[in-house]
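Multiple structures are listed underneath, in structure tokens.
Two complexes come next, and they have one chain in common, subunit A, joined by subunit B in the first and subunit C in the second.
The block that comes next holds the complex of A and B.
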């Protein structure tokens, strides 16, 4: 296993991603997050190659003072974006997730349905857990539905099944069953042209 | 044929060893359909081009690159949109057509539940908006109060500074009243001559000081010796007022 690099690399491990609780309903197509971050932190994040000593150097970062400052009311959704969004994206691969930073004064989440409906979540002063609970409650699949879907998915894995997406494509792979006629020709008296007398079996 | 096949199958199903060794294992099977009928219909790979065609170049394509790009874009867009429509129709099929009336009823129920939850969410949003308004008003109040406190602190500091300055001015004025001027020069000289000041002193290694030119330090009793005044710390010494220091000494 290679070294895990970057910020909070546990977010990219499979057990962590699989532990996500939120699976959106089928009607949800897009989720957008809006929140504020410290302007200074954002500029520093963009200049990743800047030497840490130079970060406080006004010659390097001319843009001062930093007018946009994050508010404690935005900390919950920041943590949500950092910790929970990877899990959500993993569990909902067909949903588009976008984060907009410093575009709106208040922190909110907007979800868009397949029929164009927009569901807003005002997450002012929420913790990330509260945000997740609200999303699960309003737009997430219930635990019963998830259990049923898991059961249906398991049924496809039944070893007795055969066909597309199964462990074996054809029943002829099973010992004791009739092989495919392309591999072993059928007995002549099973074949129409001999059975109906168009061809002679002895030939 | 049928007998031999049946025998083979029954033998295989009875004996796993035979099955493992059998030529009928799927990995070793070769399709016999089209055998001898479908002939290979291209030149083998190891045969070079015909001598008459070796120097015949394929016709160059003069289509502008922009046109190719445009065509590619159109094709990609078309495929994307068509696949989107297909996906939508497939999902619609899964939702409604598959189970007929039951699916419709289920979908209507689900939609009703969704509406209820969204309505609940809207109420929650309204509550949060109200809470935020209160919070922002409270924050504004706090900000005003803090600004007022800062203002008051600055005013207090200013007043203290002005008071100090006034005191100092008064002190200086009092000192200046004893100053030597042209008018009282003779009187001051006479006074100085009448009251000679002895600035001499001696110190010892134990930190005592003995004032006066004619003081015999050994004759001063132990309990009457004066310690050299020392500031409590260096900063006191550095920041102390010279006049205050003088007053302290005198």
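The block that comes next holds the complex of A and C.
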């Protein structure tokens, strides 16, 4: 099987996308990432055939000083945008995620709630792991909540399930199954009190 | 649910103001110009950037969808301004379901939301002035003395108009029209 094409193609695999940890709370509707990138690198990336230069040569980006250049303080959020945003968008398909590059000198993340409230995160010199942990702590659902939601979804998904919050409350409603013991008593050898030799209520 | 429906069912959206929609087919008579403004009155066109998932390639692609929004605020909105939209409980029109609630950034006059200082794309304006004082020279652009945006609209600035070719002699010749 041939190798996947593209930059970091592991991001285009379902196991990677499903391994995302951040699931936003229901109030969060918009997330924007604001950081700086090397303007010349962006121009070369978009018009690669028109700019036949070696992008690995650091001297290339020093030739024209009026191009906006990135800063080490922005590397963490750049890595976050590259590695974690695909997972976040996959896990939160109803949230709008947008990246604004070279709009402000300092990197930050802005989240907007359903009532228009804004939550800002200053991510200057933060690594991508630190940013992700911070977002999970502030605006993400806890692991307990996610486990409960997964259980509820599983109950709803599988039509064979019965019980609370399912389509059928009890299996005794299904024709062909054992009828409800409140209406038709079970055979005595099925009941524990007779099996273990307890007092017979018929006596 | 399609992406369009997903976006339109969202309570809050963030977008950038886009030029008004002009249509050559909507002109009622030959007397009016070829390109007719078909955007509803008191409404603006907002481009909403988002990521669209391709299930075959399993990758998110950048996509911008144009949404009509009702503008009842007195903000002087220009093309490029960043806004926050909210879904209206009662649509203004069948095609207009969002309204402008807040201006986030003015295009060309941005502020750092963390500190509130005025910024350019690369640096803080106060820092640029401080550097100019040390090294001398003419200094950066003086935003304080610059006139507000939109001063020359209709006289020399026609960026909000749509260029078209003059195939017919109308009563008034538009300066932004072209001859092939």
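Here is the rule we go by: the second predicted complex is superposed on the first by the 137 of 203 C-alpha atoms of A that agree within 3 Å, B and C clash if a C-alpha of one lies under 4 Å from a C-alpha of the other, contacts with A are read in each partner's own complex, and residues count from 1 in each chain.
Definition applied: contacts are C-beta pairs under 8 Å (C-beta built on N, C-alpha and C of every residue); 3 or more make two chains touch, one makes a residue touch a chain.
Everything numeric here is computed off the predicted structure, so don't read it as measured data.
S.K.: Is A:106 in contact with subunit B, with subunit C, with both, or with neither (first, second, both, neither)?
M.R.: both
S.K.: For A:116 in the superposed arrangement: first (subunit B), second (subunit C), both or neither?
M.R.: second
S.K.: Touch check for A:161: first (subunit B), second (subunit C), both, or neither?
M.R.: In the superposed model, A:161 contacts neither subunit B nor subunit C.
S.K.: On the A-aligned overlay, A:138 touches which partner chain: subunit B = first, subunit C = second, or both, or neither?
M.R.: first
S.K.: Could you look at A:125 and tell me whether it touches subunit B, subunit C, both or neither (first, second, both, neither)?
M.R.: first
S.K.: Applying the document's definition of touch, where does A:8 land relative to subunit B and subunit C: first, second, both, or neither?
M.R.: Neither partner.
S.K.: Once the structures are superposed on A, label A:176 by its partner contacts, choosing first (subunit B), second (subunit C), both or neither.
M.R.: In the superposition, A:176 touches subunit B alone.
S.K.: Can A:18 be said to touch subunit B (first), subunit C (second), both, or neither?
M.R.: So A:18 meets neither subunit B nor subunit C here.
S.K.: Which residues would you name on subunit A as touching subunit B in one complex and subunit C in the other?
M.R.: 106, 114, 120, 122
S.K.: Tell me, which parts of subunit B touch subunit A in their complex?
M.R.: My answer: residues 1-2, 5, 9, 12-13, 19, 24, 26, 29-33, 88, 91, 95, 110, 114, 117-118, 120-121, 124-125, 128-129, 131-132, 135.
S.K.: Using the touch rule from the top, collect the residues of subunit A that touch subunit C in their complex.
M.R.: Residues in contact with subunit C: 6, 11-14, 17, 29-30, 32, 36, 68, 85-86, 89-90, 93-94, 96-98, 102-106, 108, 110, 112-114, 116, 118, 120, 122.
S.K.: Taking the complex as given, what residues does subunit C use to touch subunit A?
M.R.: Going by the criterion above, the answer is residues 6-7, 9-14, 48-51, 53, 57-60, 84, 86, 101-102, 105, 110, 112-115, 119-124.
S.K.: Where on subunit A does subunit B make contact in their complex?
M.R.: 25-27, 73, 106, 114, 119-125, 134, 137-139, 173, 175-176, 178-179, 181-185, 187-190
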